[in-house]
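Several structures are given next for inspection.
One chain, chain A, appears in both complexes that follow, with chain B as partner in the first and chain C in the second.
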Partner chain A sequence: MAAKKPKLAVWKFASCDGCQLSILDCEDELLTVASAVDIAYFPEATRAATRGPYDLSLVEGSITTPHDAERIHQVRRQSRYLVTIGACATAGGIQALRNFRDVKRFLSIVYARPDYIETLSKSTPIAEHVFVDYELRGCPVNKYQLLEVISALLNQRKPVIPNHAVCVECKLRQHVCVMVARGTPCLGPATQAGCGALCPGYARGCYGCFGPKESANPPALSAGLVRLGVTEDGLVRAFRSFNAAADVFRRESELHERPNP
Partner chain B sequence: MSRTLTIDHVTRIEGHAKITVELDDEGRVADARFHVTQVRGFEKFVEGRPYYEMPAITARICGICPVSHLLASVKACDEIMAVRIPEPAQLLRQLLHCAQFVQSHALSFFYLSAPDLLLGMDGDPAARNVVGLAQKHPELARDGIALRKFGQQAIERLAGERVHPSWTVPGGVNKPLAAEDRDFILGELPIARSIARRTLKFFRGALDRYRDEIEHFGNQSTRYAALTGVDGNFAIYDGLLRFKDADGNLLATVKRPADYARWIGEATMPGTYLKAPYFKPVGYPAGIYRVGPLARLNVAEQCGTPEADAELAEYRQRFGRMPRSAFLFHYARLIEALYCIERMEQLLEEPDILSPHVRATAGVNALEGVGIAEAPRGVLIHHYRVDEQGAIRWANLIIATGHNNLAIRQSVKQVAERYLDGRQLTEGMLNRVQAVVRAFDPCLSCSTHALGLPPLEIRLLSAAGEVLHAVKV
Partner chain C sequence: MSSIDMCAPENTGRQPKLIERAGVGRLIAALQQQGYRVVGPTVRDEAIIYDELASDADLPAGWTDDQQAGAYRLKRRRDQALFRYTCGPHSWKKYLHPPQATLWRAEREGGLFRILPETPRAERLALLGVRACELRALAIQEQVFAMAAHADAGYGVRLRQAFVVAVNCGQAGGTCFCVSMNSGPRARKGFDLALTEVVHAKRHYFVVEIGSERGAAILAALETRDATAEEIAAAEKTVNDAARHMGRTLDTTEIQALLYRNHEHPRWEQTGERCLSCANCTLACPTCFCSTIDDTTDLAGQRAERTRRWDSCFTADFSYIHGGSVRQSVKARYRQWLTHKLASWIEQFGSSGCVGCGRCITWCPVGIDLTEEVRAIRATKYYREPVHGDTGTRSV
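Up next, the complex of A and B:
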């Protein structure tokens, strides 16, 4: 008897769609993946929606509305494995910058009728709401890492995703260190690898798209950045971008924040 | 009794939306609404960030057309620095932009819309996707995948990453083009061009099957807005924003980007995060205008490349100088893809394209900057004000799907009037209502950050809000 194909679902919360589009970006692998799994729920690519339970749910985006906070529980209940893909789902994403501001005030400024808008005051990662089996980092995710996670989980093994710093990727690619050689501030030493050291390859400092690496030491990095002339405000901004709400980065940014007068 | 039909979650669009159709006492369509149900708040949380971070931050608005946001953003930043960027950087930015149009249009046509067009609006929804397309029309699906890949690879060659490129910076770009990358893209180009040609030929041949759709898909009289070159020809990276009426008369030319607010007003509507821009001289809500492929071809005199111009002439011969049907967005998109491929070839053959002079540097020399570019879905405006240190004090972003908001609403109403039977919810009707929305190729991530609701749900509500009938598809 032919084995039944595992059912894959792709869910979206507040995000830019870039991570789920990485699945469509697997051009050559796309039709192979599609033949190995039953794509049961993927509204961006198809109207078909097969009922759960699903063997693997990929979740993109962060939780920003009361409705989404309920919906993620429905997703969890229907999923054997739940994997978050990208910085929004894993750390709240760029929209978590609002966690440090007053959202009600935002809305009254941006929208003429803020009473039409229903939103939560914070953008939170999926793991704050439900149990997550695996978190795939990146803004956006690396498509090869995504393929690795899908095939690992469908084959009942642990995904092989490196959790060392971007610095290791720079060395592997023989990029000259932008911080040492040019004095360019760089988050590489505290950031998880995965992008292929993209920005240092363009002579720019890393800005932390993949979030904090395992056992990162941001205070030591901050001290180094201050020696390069980065101000306290600059430190707050550096740690407060695409992974602003990731614990390690959030704590570091708060340490350097001036108290409100 | 009046009723409301809600299509809760339009699939195969980038971002998520909900459609409500309101019926009157006789079961006729009274009104239609298009809702977007999430908000991310970019315009506010960027306050206080230095202007040069804006390209990287705003590229995160959208994973489908990050390049458009990057370009509108760096153009606004160029104005804040008050620099004229080096000519080779202009060319390289244009090249990147064309590559993104090709990939985005390929995504829209082959992955999102072709399943409806080729597998039949009334077909089995479970098979109506790119994988189903691959089974039924393997060559076409392969072409679609290859064309998108061409655009994505060119972006990767230029900017290092597909989804959120980091190569475009205020003042230009931060690395010249390498000869081997130019040769690589030039080498792939003929295949992309033949795919675009063949798809156009195929689409033209299939047009007769869609007479009904052409007639009823947002076949409406609206104004159009698009960038054009100084010569009035098609332009996507830089140019003058022009408005034309439904008969092709020029209504306005926005000479300086900073003047856009004289012509465009923004309104908020109930139940949606998507703002509704309108043509100011006419006012809200009558000031409907459309942007995107249909509008661009209507506003432009010519494309400016030989094959695309020949296609444009044929298109106009069939549908007139100012076609109106939203269905023709698909046709226009294919012509634009061909144009972009031709234009990429011209750009790659420019003698200066490998020049190392690709970046101007400067500090803050103006406290305000506006960048306007065409995104694949239409006009995109980034407007920033900064303080003396260059920190953003205020930002306004007007996104393509926003410009189309009022027109999408009107189109949904028109389709619903034609295909909706007040008592019956058929698969074909649901698909057509959704397909008209997809024809605009709306990007709701861009416009607000929407996405992801439970599976399609249609609800019949009484005037009092009581649920009379609910269907989950």
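Up next, the complex of A and C:
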């Protein structure tokens, strides 16, 4: 193996920093990470910065301003691998709720001087702007999955990140299904695994943090949720959260939305 | 043969014994003294699940369940019965074929890797409260894992070492159909002891059948006496009642031909639209055995690990081969599941892959019911004629 350690950079776009904090949350593993890679740029953790190019860039956040739409191209140019982390970077995040409304109206309501604000009408995932090597889902990402992706890239192998339903993790952990045993609405059957079925483990339904699973069938799930008493408005809210702009979730929320007055 | 005849006990040649309610606690203690880790039913998270039992106080005394397609509700009973519930979300496969297991680890040594094999844990389990359909499921999985050309040594060891206390069902659940699958509700073989619970207003006792020397030895350490003819008859009656109250039925007549010929039946498409491909049915099923292999490394690339994890024909990765997944559509996945369980399993292993426990019906979040699917396909008789050269589809 080459003596030179791969250079890692962590970038932030429109986001809450939660995914970057998952890296710092790796506590026990952080030293191993630091010994395996050269953390060259990570403002959340250190002010020391090494110039690019970087072997691996982790990108958090979505594109919401003309400036960021430019900046992401600079990041791409400096990065051998670019991995997006979290619901903002992979689907537009909670801020993609703007995609369903007129942003100019928000500006006039929220800001005293809307003309100071330069923003795009939509919040979009990084992959809509540049080529992305790998997308890691979650709001926030799961730290073990993050370590797995870094390990896989460093060792030139495929990451073990299954794209099946949260239900599979639920059953692997032998949780009792909250939808069947309590009649609690759960997005698990339409949502990609990765959290370890966290909420069902605490008797809550899944909120869909990891976005749509492969071959997700939200209309069939909605039919089931309606039988449990979820209203049409409730369905809109359920599918319109952290991954509101992910295609399959977006279509489902739009199906149940009443025409705007 | 009527369903009631099918409930007649197999003649083991041994006199059934009788233990009182307190004897159940003594049985657990005796097994623990022999070094067994006793696992069985207990109430947790609004369901009756399987977990380690410290004593009979952990048993679901006075609890039962109400099961329908896609719905399970834990309910109080008016009596203090210990085993008057039906199969819950867990099955014994969680112990015998664990959801996740490390197969081996490897370490980098010089320029090479050294493989460090995992030795299966030699834990002796006592499974308490195994139902007839579950005994059948254990036998099916034994055939899959332990009797195959490439046997899974761990499974065989775990099953052989396990002490099995069966319980004959005293009531049937809303999604049960063991009578249709000829697998219950009476335990016929594959147990060390089999209990039948009788709960009357004034008396609560268990008729115990002995299935093995090991079972006889444990029982000898307890206070027992021969069960009387009346007690045996009362026990018989509870099992016969269960047989008469199956929540579901499944007509298995020529089921292989039915499903193979109806490969292009429009019902598959319709069910594919309702199905979430969430895999819950397969993971709850006590006979489904599929798993996948994960290979991982540590960050530094010094250690590698191979783990086995339950998988299901409802995931895209399951049928992934070079170029993509064989079963892209949910329709194809549902058809694979139903056809394997009820038809191709027979060709593969000589018996049905379904024991009629009803778990896949209850634990499907949208209540898709395989008995209903078979009924719908049978009713419409829409199939491809098995004539050479004829590939058309027609309705007859």
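Operating definition for what follows: the second predicted complex is superposed on the first by the 258 of 261 C-alpha atoms of A that agree within 3 Å, B and C clash if a C-alpha of one lies under 4 Å from a C-alpha of the other, contacts with A are read in each partner's own complex, and residues count from 1 in each chain.
Everything that follows uses one rule, which is that a residue touches a chain if its C-beta (ideal position, glycine included) is under 8 Å from a C-beta of that chain, and two chains touch if they have at least 3 such contacts.
Everything numeric in this text was worked out from a predicted model, so none of it was measured.
On the superposed chain A, the positions of chain B and chain C stay apart, so the two partners fit side by side.
Once the two structures are superposed, chain B and chain C can be ranked by residues of chain A touched, with B on top. With both structures placed on the common chain, the touch criterion links A:C19 to chain B but leaves chain C unconnected. In the superposed pair of complexes, A:V176 makes contact with chain C only, with no contact to chain B. For the combined arrangement built by superposing the two complexes, chain A sits at the apex of an angle of 120 degrees to chain B and chain C, based on C-alpha centres and given in steps of 10.
In the superposed model, A:A69 lies in contact with neither chain B nor chain C. Touch criterion not met for A:V226: it reaches neither chain B nor chain C. In the superposition on chain A, contact of A:C186 is made with chain C only, not with chain B. Once the two complexes are overlaid on the shared chain, A:A203 sits against chain B and chain C alike. In the superposition on chain A, contact of A:N217 is made with chain C only, not with chain B.
Here the smallest spacing between CA atoms of chain B and those of chain C, following superposition, is 12 Å. Overlaid on A, the two complexes show chain B and chain C touching the same residues of chain A, namely 203. Put simply, chain B touches chain A in their complex at residues 9, 11-16, 37-46, 49-50, 53, 56-57, 60-64, 66, 107, 111-112, 115, 125-132, 134, 141, 145-146, 148-149, 152, 160-164, 166-167, 174-175, 267-273, 275, 431, 434, 445, 449, 451-456, 473. Taken together, the chain A residues at the contact with chain B in this complex read 11-22, 24-25, 27-28, 30-31, 34, 39, 41-50, 61, 64-65, 67-68, 71, 74, 93-95, 97-98, 101, 103, 106-107, 109-113, 116-117, 119, 123, 139-140, 195, 198-199, 201-204, 207, 209, 237, 241-242. Interface residues of chain A facing chain C in the complex, by the touch rule stated above, are 1, 29, 32-33, 35-36, 147-148, 150-152, 154-155, 157, 160, 162-165, 167-168, 171-177, 179-183, 186, 188-190, 203, 214-217, 219-221, 223-224, 227.
Per the touch definition, chain C reaches chain A in the complex via residues 44-47, 49, 70-74, 89-90, 94, 99-100, 273-280, 283-284, 294-301, 309-312, 314-317, 328-330, 362-367.
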